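Look for subunit A in each of the two complexes below; its partner is subunit B in the first and subunit C in the second.
What follows is the complex of A and B.
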């Protein structure tokens, strides 16, 4: 019997068993999808899209600088960043306290005069205690405006000190409308990172992939402890064919579970995995990586219990390192450098790259995933054949 | 010993010896599990490896089936060398492990089909053979139930059925009746008897003396990895000098009958008790006709004859100094 035929026969038998005992469906599809949904529900409020950016501005000054500030806020509103209302201080304050508005900008009387005369001016931001993040954003906007005012004050002071005879107010208006001396190129973060729903399902998918792929290892050890390995090993098939059969099972289960998760999370959670070709490349590479690491488990574990422990250590350890639970791989510390050995890190960042780029941008990530798998297989290979013993 | 050759179908020379084991040994650390074990099995012969738990039977079988590397020695199966890297030679072996080597999540039919495919049975041949085996092992009416729903005896029968499926030249049964109820046990023993009659060579390991006596044409007594003795049951008994016990129920002239019995060659001892004469003889089968004639001639009226032959357990005790079930 050819090795390939024997391997396929063994794989078909194993797949039938896995589907019949439902463990694959639970670990490969239901668990990652359910956890991603739960995380999304719990953490969903942190999503920028769900912030309550409803602000108001109260202009008690009415001067030129105040008018310019209000115009600036209205321009940001026009760009769709937040909603802006105006009204009396008393009315607006009540609405902020009631939580109807996240924060209010208060331009006090005498603001314009203070700015043009170079004396300290105060721009108040009053925020709702229930919306700290939205209030912080309002405060950041106010600080940005304050920096601009300071620049205008410096310009006017410089002009007057060098003998200018122009009206200071006119000078201030001119300085305020001057263009930025240095234009900063901006890459929108949103184009290089996954939205929250997608991040959670991607993290859970790669995390549980290691458990799904491990079914091949588990089955190998179960055959050993239950005595059927003796029968397989006594049949006219090579030991490599038996191992190949188990590897085929791991690969098929891994790819099927990921494919189901991609489709299900897109339909149920609105996840956006990105370009299908790039996603497919990353999934196949991730499955190869997981199969390699699980081959190490097969080579060194003597019992199903040992294998289960090793699988958990590898899956959880590399998952944490790779930032599937929290972003431990950010920055340039020790953990960030160690994260480069984690397939989870390469998979998640690969999909992030794909979100703002194209398939070519993820080739390095795919190569890194395959490399992890190949190195792991090389480590396991000398002991793998001995794993097929009665 | 020379093999006997005959010309079979297609003019292929076929040896009567299916399995030849020459001096195989295996050591695990300080434990010599198997030491220079040698035996052979002919076609249609059932050969028993009789020994207590831990005697080295399963280790020997593992080396014969190519599951375990030998430290030394050789195994020839149908003339082909057999070791852990042999693939083709395994086609001739049907292994029935001591553990229930069946997949509980598959039905009996699925178990048989899977292993049949590994032995290259296909299509109609596979289906026919699976149906035949299901009939033989008595699971035809439960063929499509999951194996985990079977009783222990049914699982045992399926375990044996898988080993038979591809019509192996050598069937290895490793303690196939351990933990089996008496009814299933009897069914298993009957199946093995039929296989032997059909020409299959059978290697049967057991620590049950009765099974070895019932099934095996020849028996090797193994203990602490060594074969202590090998032969037919009678040869083994004679080897250790065991005698048969004969009780003859009779009336009249018992003393005369006992004296007459002692004149028959092979009769060692004759004792008169109530309405019977108890005798110790070398071989009851050989001396009985002459013995009965002599006692009748002395005037005894014989009503019943009982023979108690020495068993393998007694042989084992004498050879190893311990009971078989230790």
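What follows is the complex of A and C.
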């Protein structure tokens, strides 16, 4: 029997075994999908980056300047930045307190008179204690309005001080129409991030990939403890063929589980993995890296139980480090840097790049994943051949 | 006494497998550390600022933006870097103060400051914050230009604008906050993560320990125990005590180490102890039940991890239940986790005492009694069956 056929026969037997004992279906497909669904169920609404901004304005003054402010707020509302309500102070304040509204603008009685006469005027921003960012934005809007009013006041005062004899009211009217010297324009940016639903399934898929791929390793050690390895080794088959058979099992199970997860999550959760070519490249690279690391376990573990424990430590440790459970941005601190030790991180960031860019942008990520796998295999190789000995 | 020795053997067996030292003792602390560093710090949106040509007005604008409330500002070397970090979500938004900013304003030209944001985020709203900082800078420029347009010389206008600025009263914007904070400022960066991870891991350790119970049967240990003059009841109690001891030990270990290393606030000691003891009992009950029902120790171990994480997430161990939708919050209270975490919220965030968490303790007690009763019944049956 040729070595290739031997390898394929071993692989086929193992694959049948894995499908029969259901462990592949549970760890490779059901577990990642179930956890991603649960995470998405509880955290899906919580898109950290987009909150529903709800403000209210309470106009107790009703004068010209107050009306101008309300009109300004309504204009921003019309641009779709936030929702604006109005009402009496007590009603609105209760709703802010309850957290239904993020913040309210209060224009106190006598505001217009104070502004036009140049005496101190106050604008109140009352925010919900749990919405500090939204409150700060409301305060900034109020300050921006105040700066615009002040620009007119300053313009009139400066013009008068430099000797203009025109009527202040007329001056103010002209000053109000003067253009802004500094405008705020948009710079284009794409989104190189995964949406939450996709993030959860991507994270769980790569997390459980390390367990799925480990089946090949575990079976290698099981053959040893069950004594079938001695018989395999006695057969006219090279040791490498036996190892190749186990590697095929790992690779096939890894790729099949990932493929099933991509399709199932797209259909069930509406996940968006991105460009199929890029996704395929990253999945193959991830399977290579997981196979490499698990080969190291096979090379160094003495029993199937020990291998199982080592695999779990590696898979859980690297998964945690790689941030597969947290939809948060890792920022640029120590953890963000350390995270790149983990193939999980390269896989997740690779898919994120794919979400906003070209397929070429992921070559670095795919290369990093393959490199992890190759280095690991080189570490494992010298001891692996011994692993086949009974 | 026999029950105690059975419990002791279980502990020895647990830690003889050294990987359990990792899962029971090291991993929870590592995760508390990671979560604390990721989420415990400031959660203000980050804004990157690029200044293409340095100058006094550019510097003043950077200062104005930096002093804005509610954002954290970081300087960036160039536009590509800031756009890249916005795209990858490291920044909420970016501001580009263009080349020749000072020179163009001095020459009387208008300039455009660049604003970078992803279409899907807070950046759209934060635009207002940046616009306000710009408006504050442009008020003086507008005054000077207006005076010049009305016949003054540029130098005089500049001087006078500065001087009259002192006399014009600005509109004062006061900011106050109302309502009761969900997560008060006094909450330490590790406080929230420590209790939720402790609860997650105690339950996980319990469930994963179920496979040890199955091994006890499969290896014939229970058969040998039954062949001695030991009542079934003693064996059941011994096995339960063993599980309970492991889970309780882990809980107390996490409380103690996080208290010493991270200075985590666990609230009233008696209240915290009551929650940990009851939750250890709940986890024991769950472990015994799984151990009694399942036959394959490897499958029980794998399913235990998945179920432990899944139930933990539902119960608020990943995201506080206070942030769930109303429906999900109700569903969450089907898990013992949500009750235990509610108890810690009361103790830690609202300085509650034992008396304030009686409802939570009662709920945990019910979970514990029901699970342990069901488990003992099934477990007894499985022991006798295997013998």
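Everything that follows uses one rule, which is that the second predicted complex is superposed on the first by the 244 of 390 C-alpha atoms of A that agree within 3 Å, B and C clash if a C-alpha of one lies under 4 Å from a C-alpha of the other, contacts with A are read in each partner's own complex, and residues count from 1 in each chain.
Going forward, contacts are C-beta pairs under 8 Å (C-beta built on N, C-alpha and C of every residue); 3 or more make two chains touch, one makes a residue touch a chain.
Small disclaimer: the values here were computed from a predicted structure and weren't measured.
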item	value
First (subunit B), second (subunit C), both or neither touched by A:268	neither
Partner chain in contact with A:83 - subunit B first, subunit C second, else both or neither	neither
Partner touching more residues of subunit A, whether subunit B or subunit C	C
Contacts of A:378 with subunit B and subunit C, given as first, second, both or neither	neither
Which superposed partner A:234 touches (first subunit B, second subunit C, both, neither)	first
Contacts of A:226 with subunit B and subunit C, given as first, second, both or neither	first
Partner chain(s) touched by A:277 [first = subunit B, second = subunit C, both, neither]	neither
First (subunit B), second (subunit C), both or neither touched by A:364	neither
First (subunit B), second (subunit C), both or neither touched by A:17	first
First, second, both or neither for A:4, with subunit B first and subunit C second	neither
Residue ranges of subunit C in contact with subunit A within the complex	17-19, 22-23, 27, 30-31, 34-35, 37-39, 44-45, 68-71, 79, 83-84, 86-90, 92, 94, 96, 105, 110-122, 124-147, 150-152, 156-157, 160-161, 163-165, 167-183, 298-299, 302-303, 306, 309-310, 313-314, 318-319, 323-325, 328, 332
Complex interface listing, subunit A residues touching subunit B	1, 6, 9-10, 13, 16-17, 20-21, 226-228, 230-238, 389-390
Subunit C partner contacts - residues on subunit A that touch it in the complex	22-23, 26-27, 31, 34-35, 38-39, 41-43, 45-47, 49-51, 53, 76, 81-82, 93, 96-99, 115, 118-130, 132-137, 139-151, 153-159, 161-164, 166, 171, 174-175, 178-193, 211, 305, 308-310, 312-313, 316-317, 320-321, 325-326, 328-335, 349, 352, 356
Subunit A partner contacts - residues on subunit B that touch it in the complex	62, 65-68, 87-88, 90-91, 93, 95, 97-103, 105-106, 110, 114-115, 117-120, 162
